[in-house]
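In the two assemblies presented below, subunit A is common to both, partnered first by subunit B and then by subunit C.
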Partner chain A sequence: MNSIAFVAIAILTLAAALAAATLQKLMHAALSFAVTFVGVAAFFFLLGAEFVGLVQVFVYVGAVAVLIVFTILLTRRDVQDTGKPTWSGAIIAIAVFGGLLWAILRTPTLSVAAPKVEALTVKRIGEVLMTGYVWPLQCVGLLLTAAMIGALILVMEEKP
Partner chain B sequence: MTLTLSIFLIVSATLFCIGLLAVLSRRHAIFILIGIEMMLAAANLNFIAFWRFGPQPQPPTGVMVAIFSIAIAAAEAAVGLALVIAVYRHYRTTNVDQLDQLKG
Partner chain C sequence: MSDWLDQIFIRIKQVLLAPLAGAPDWVMQIVSSLINIFALLGVFLTLFALISVLERKILGRMQNRYGPNRVGPFGLFQPVADGIKMLIKEDIVPVRADKIVHFLAPILIAATAILALGVIPYGRNMTPFVIDGGILFFFAVGSTTELAVFMAGWGSNNKFSMLGAMRAIAQMISYELPLIITVLPVVMVVGSLTPDRIVAAQGGYIFGIVPHWFVVTPWGAAAFILFFVSGLVESNRTPFDVPEGESEIVAGHMTEYSGFKYATFFMAEYIGMFAISGLGVTLFLGGWQAPIAALWFIPSYVWFFAKLGTLLFVYIWIRGTLPRARVDQIMNFAWKFMLPMAFTCIVAAAVWHYAGRGLAGWFWSLAVLTAVYLALSQLIGTRKKFAARTYRFAE
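What follows is the complex of A and B.
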């Protein structure tokens, strides 16, 4: 694994995430959100999970980001976050980060280098998905259908 | 610099806390959804990193969990944004501080 690529991807991802969390204009935040998820997909590629990276790009950048942009356009009246930034949220987030960082750095078994691994092919993922994970796969299909019907019912115009 | 598991965990912890910051400090419903999606992505990154740095060879359990998690996050985003649109239709606002009709 290339450490220069890692540093570049980490800076891109975290800067875009910070922009998405702090920008005032909704549309700018939505576009930064898309860049964040491209960065996370690049991490998946770096870690050798190419299929998950591709799924991440398709689902998040292709579908969820477009859905968010559509929702922003449909709720056009307040496109700016008018609320004042609250310091308590920042303090809680920094405290949680400090706790996580302390726990990670205190655990010596986490500082291992990556072992050699054979490439995870899409064929292997398909085999595992169709044998050991066939029931979770069916449940996710049912969940997606239910979510689609639920979303349609929620936004349906009510007849007067 | 050799890449160890803890560096990936630190990056994903940072991403999680930025998402937490967005959820806690923003008052716009769509921003809160964006923060939740970031926290879910940080969890996925952890799953993939633990799979990659675990003892090899092993079945791709971490990859499977990440794939299912992405599917569920997509369903959550679709229902959440539909809820935002429905709330906007009733109250003409998406500011979560003004949705206080049930407040005692």
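What follows is the complex of A and C.
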């Protein structure tokens, strides 16, 4: 059952990712990118990490995808892609892929079975965030607040 | 007897599942889910048909006219006539529209609206899908609506559609924040994101007549009002129905849709309204629990739908009473009033909790809310002096 679900989700996610990379219209690519996000969220669900999956949908589909779509809409005059691949993009893609491959190959295979972890509940995540990781959390909060204030200053109407 | 009636739907489901007794686990799981899904769809599509005719009748009564009264007894078969009309209308797709996106938008918007219904407890043991983070699921699914609205607006390749979608998305994003933050005090007080736990935490009565619902605490009442107003905006209802407007932007993001696709948008809007009201009932009005201890014998689902019906009536009532707000008024209201008040609810709930959840806590949280409310009303300055209008881009 789980392996069937895994294969189905993997095919959907990969197809959407491929579509995002190859589709001519930029807007179509952005929308299929949103489908990829949903696929990743489905993986989290399959692994039993409900909270992470829900946050994935919440943040990526609900916010990041809308952000991408609006960025395309407001910055491009024509959303039609020229279709020519750019060399810099290809080099970056190959570099990222190579880096990931290097990291994966360097990782020793796990000979011991994964330790038995208790089911990750929302309550547990909250406790950990508020005790062990409280400083990183506060730093992220500060950063986001600063980004928001910066954005407000950028768009603030100048007084006539 | 009352217990038997209360659990009758659970029993019916068990009877339906009985022939599959020997089947493997996953077959049972899928069939059980399918039964839940069909039950949900059946109940809420019927409710949609009923509400669409009742809304017109009630609005008619408020505006001193009859409303639909031709089809069937009291005009009750009006939704059937409407449905047939919508089905046989021509489906027009603009030539320059993006065919795929234009086609997918109504499907996505309806699917997300229906998905959100799945986590609400409709009665004792009657939650269709029990998820640990059910409240989070509700909002995660709801947040994808914005993308669907954008798809409808952009895919139609029409100015009115795009502008309408922009308006809709702007107000949905602005009000999603107070909507979620008003839910936080409830989650904090209960200590769980599971809807069933939240309903269970509101059980019990004081002297058998005052229920332990969160709406009877000051922070709960304030959060409920803020939640309700945000729900009005999220479901694009009057006073906040600016995404649609015949004289300004035609039908907003639905301009280029006709026939059954338009009906799908219409349905999604109503289902979204049911979902948000259902969540409000679950979070603040005690879910399926009876208002006084003596009425416990009435089945739980009756209470849930009675509360849901009351909230829906208030929606219709507001539509019949209030004029529309302007776009800038809606935005100012969201960021300058709703958001600070929503944060205050969190503080008030914390005060209530640390003052012992009793009478003292009740008064202290009321004091906090009143102080912030008065301060805000001074700061916002409703008696603002209006300067002459200046035009930046048009002249």
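The rule we apply is simple: the second predicted complex is superposed on the first by the 115 of 160 C-alpha atoms of A that agree within 3 Å, B and C clash if a C-alpha of one lies under 4 Å from a C-alpha of the other, contacts with A are read in each partner's own complex, and residues count from 1 in each chain.
Here is the rule we use: a residue touches a chain if its C-beta (ideal position, glycine included) is under 8 Å from a C-beta of that chain, and two chains touch if they have at least 3 such contacts.
What you are looking at is a predicted structure, and each value in this text was computed from that prediction instead of being measured.
Engineer: A:V55 contacts which: subunit B (first), subunit C (second), both, neither?
Structural biologist: Touch status of A:V55: both partners.
Engineer: Touch check for A:L73: first (subunit B), second (subunit C), both, or neither?
Structural biologist: A:L73: touches subunit C, not subunit B.
Engineer: Considering only touches as defined above, state whether A:A63 meets subunit B (first), subunit C (second), both or neither.
Structural biologist: A:A63 contacts both subunit B and subunit C.
Engineer: Going by the contact rule stated at the top, is it subunit B or subunit C that touches a larger number of residues on subunit A?
Structural biologist: Looking at subunit B versus subunit C, the one contacting more residues of subunit A is B.
Engineer: With both complexes superposed on chain A, which partner does A:V35 reach: first (subunit B), second (subunit C), both or neither?
Structural biologist: neither
Engineer: Let me test your reading of the model: by the given contact rule, A:A10 touches which partner, first (subunit B), second (subunit C), both or neither?
Structural biologist: First partner only.
Engineer: Could you look at A:L144 and tell me whether it touches subunit B, subunit C, both or neither (first, second, both, neither)?
Structural biologist: A:L144: touches subunit B, not subunit C.
Engineer: Return the residues of subunit A at which the contacts from subunit B and from subunit C coincide.
Structural biologist: Touching subunit B in the first complex and subunit C in the second, residues 1, 51, 55, 63, 70 of subunit A appear in both lists.
Engineer: Give the list of subunit B residues in touch with subunit A in this complex.
Structural biologist: 1-11, 13-28, 30-31, 33-35, 37-38, 41, 44-45, 48-49, 51-53, 55-57, 59-60, 63-64, 66-68, 70-79, 81-86, 88, 92-95, 97
Engineer: Residue numbers of subunit A touching subunit B in their complex, please.
Structural biologist: Contact set of subunit A toward subunit B: 1, 3, 6, 10, 13-14, 17-18, 20-21, 26, 29-30, 33, 36-37, 40, 43-44, 47-49, 51-52, 55-56, 59-60, 63-64, 67-68, 70-72, 74-75, 77-78, 81-83, 85-86, 88-90, 92-94, 96-97, 100-101, 104-105, 107, 110-118, 120, 124-125, 128-129, 132-133, 136, 140, 143-144, 147-148, 150-152, 154-155.
Engineer: Enumerate the contact residues on subunit C facing subunit A in the complex.
Structural biologist: Touch residues, subunit C against subunit A: 26, 98, 100-101, 131-133, 136-137, 139-141, 143-144, 146-147, 150-151, 154, 169, 173, 191-193, 390.
Engineer: Hey, which residues of subunit A end up touching subunit C in the complex?
Structural biologist: Spelled out, the residues of subunit A in touch with subunit C are 1, 25, 27-28, 31, 34, 50-51, 54-55, 57-58, 61-63, 65-66, 69-70, 73, 121-123, 160.
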